[in-house]
Amino acid sequence: MIIEKMIVKTKPGIDIVNITDELRKIVAKYDIKNGMMNVFVMGTTAAIIINEDEIHLKEDFKKLFEDFIPKDRLYFHPENAYSHLRSLLLSPEKTIPIREGKLSLGQWQSVMLIEFGKRKREREVIVTVLGV
Amino acid sequence: MIIEKMIVKTKPGIDIVNITDELRKIVAKYDIKNGMMNVFVMGTTAAIIINEDEIHLKEDFKKLFEDFIPKDRLYFHPENAYSHLRSLLLSPEKTIPIREGKLSLGQWQSVMLIEFGKRKREREVIVTVLGV
Amino acid sequence: MIIEKMIVKTKPGIDIVNITDELRKIVAKYDIKNGMMNVFVMGTTAAIIINEDEIHLKEDFKKLFEDFIPKDRLYFHPENAYSHLRSLLLSPEKTIPIREGKLSLGQWQSVMLIEFGKRKREREVIVTVLGV
């Protein structure tokens, strides 16, 4: 049982920060062979995603959320409802297998934090590992 | 290893029920220090979400799903396809860290069951905890 | 701690493949009584979903993604951005409780792999079980 708190610095949204290397370092540091890693961001206007970290694709990710949930629509919740709604469609957490001493990601899979808030933040990400 | 079944009473959808206090009680009852909690609703027209429990924001959550997946559109599946589709965009489960004896949620994060079904229900929610 | 790799054959997207029976066999094979199962697809254009496996409803699932994220729109990422975006709205993984020797799914819940890629694939799915 390992729990680590990471701080991830983000720019005003939409910002996408690849945290895969930090997660891989935790697997190596504790020499985990097999298990599960849960990655959880402690915020309501950010999310954890797993997909390809490619510059044009990340522009598509941003445009998708800007189109679906525009900033300038009227919402019931004042100020930043759009940031909450965008996060709601994703999730604050992902659980990832660890296998043969490695984070078991596919060739194109990166774990990323997506920031939907409107100011720069220091996001707390809790990484929990169960395994042997 | 702890498994508890909770019953969550819901009103016809869209209803949002905060279950964070019940989850915190499970952590306290078994005196878990560190671990992972999985929260899973056994239904195809409901989901588990984590976001802010604020009255206006919850109206925005409801409107988002009513706009994206309207009740009165024609679907292939008769009757309640819209309830299934709304659930599909979310997920029946979330996994949450437990850290230093507490559910490791951010200041504004609540765990909520969202009911998309069209009648009142008693939803079975399975809470599984792995930890020490 | 059990980790198994499954290969799931898919047709060009959108294809939905029910893998619940294979997951149930893993629970039975290792005689797990209580625990958590994580199901993770190692790809960026596929996802794991839990909902009802009903033929008309699956047509609605497909239409939802075809409507929201059309194939023929212009994207920044060439070729298959739509496949990535559709996967992003879902997730590559789900974590499911095992209770009293069984996968704790509701009556209508099936675990399915949804293929958004445009060619047939052999998808690697990692199934990790923690339990007793």
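Order of writing sets the labels: A, B and C. Residues in every chain begin at 1.
The working rule: contacts are C-beta pairs under 8 Å (C-beta built on N, C-alpha and C of every residue); 3 or more make two chains touch, one makes a residue touch a chain.
Just so it is clear, the structure is predicted and the values come from calculations on it, not from any experiment.
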Ask   = Given a C-alpha superposition of subunit B onto subunit C, how large is the rotation in degrees, taken in steps of 5?
value = 120
Shared interface numbering between subunit B and subunit A [over half = same, under half = different] = different
Remark   = Averaging C-alpha coordinates per chain, one finds the centres of subunit A and subunit B separated by a number of Å equal to 20
Query = Which residue numbers or ranges of subunit B touch two or more of the other chains?
reply = 36, 68, 89, 91, 95, 130
Key: Residue ranges of subunit A touching subunit B (in the complex, touch as defined)   = 1, 3, 5, 36, 38, 40-44, 68-69, 75-78, 81, 84-85, 87-89, 91-93, 95, 124, 126, 128, 130
Query = So in the complex, which bits of subunit B are touching subunit A?
reply = 34-36, 49-52, 54, 56-57, 59-61, 63-64, 68, 89-91, 94-97, 99, 104-106, 108-109, 130-132
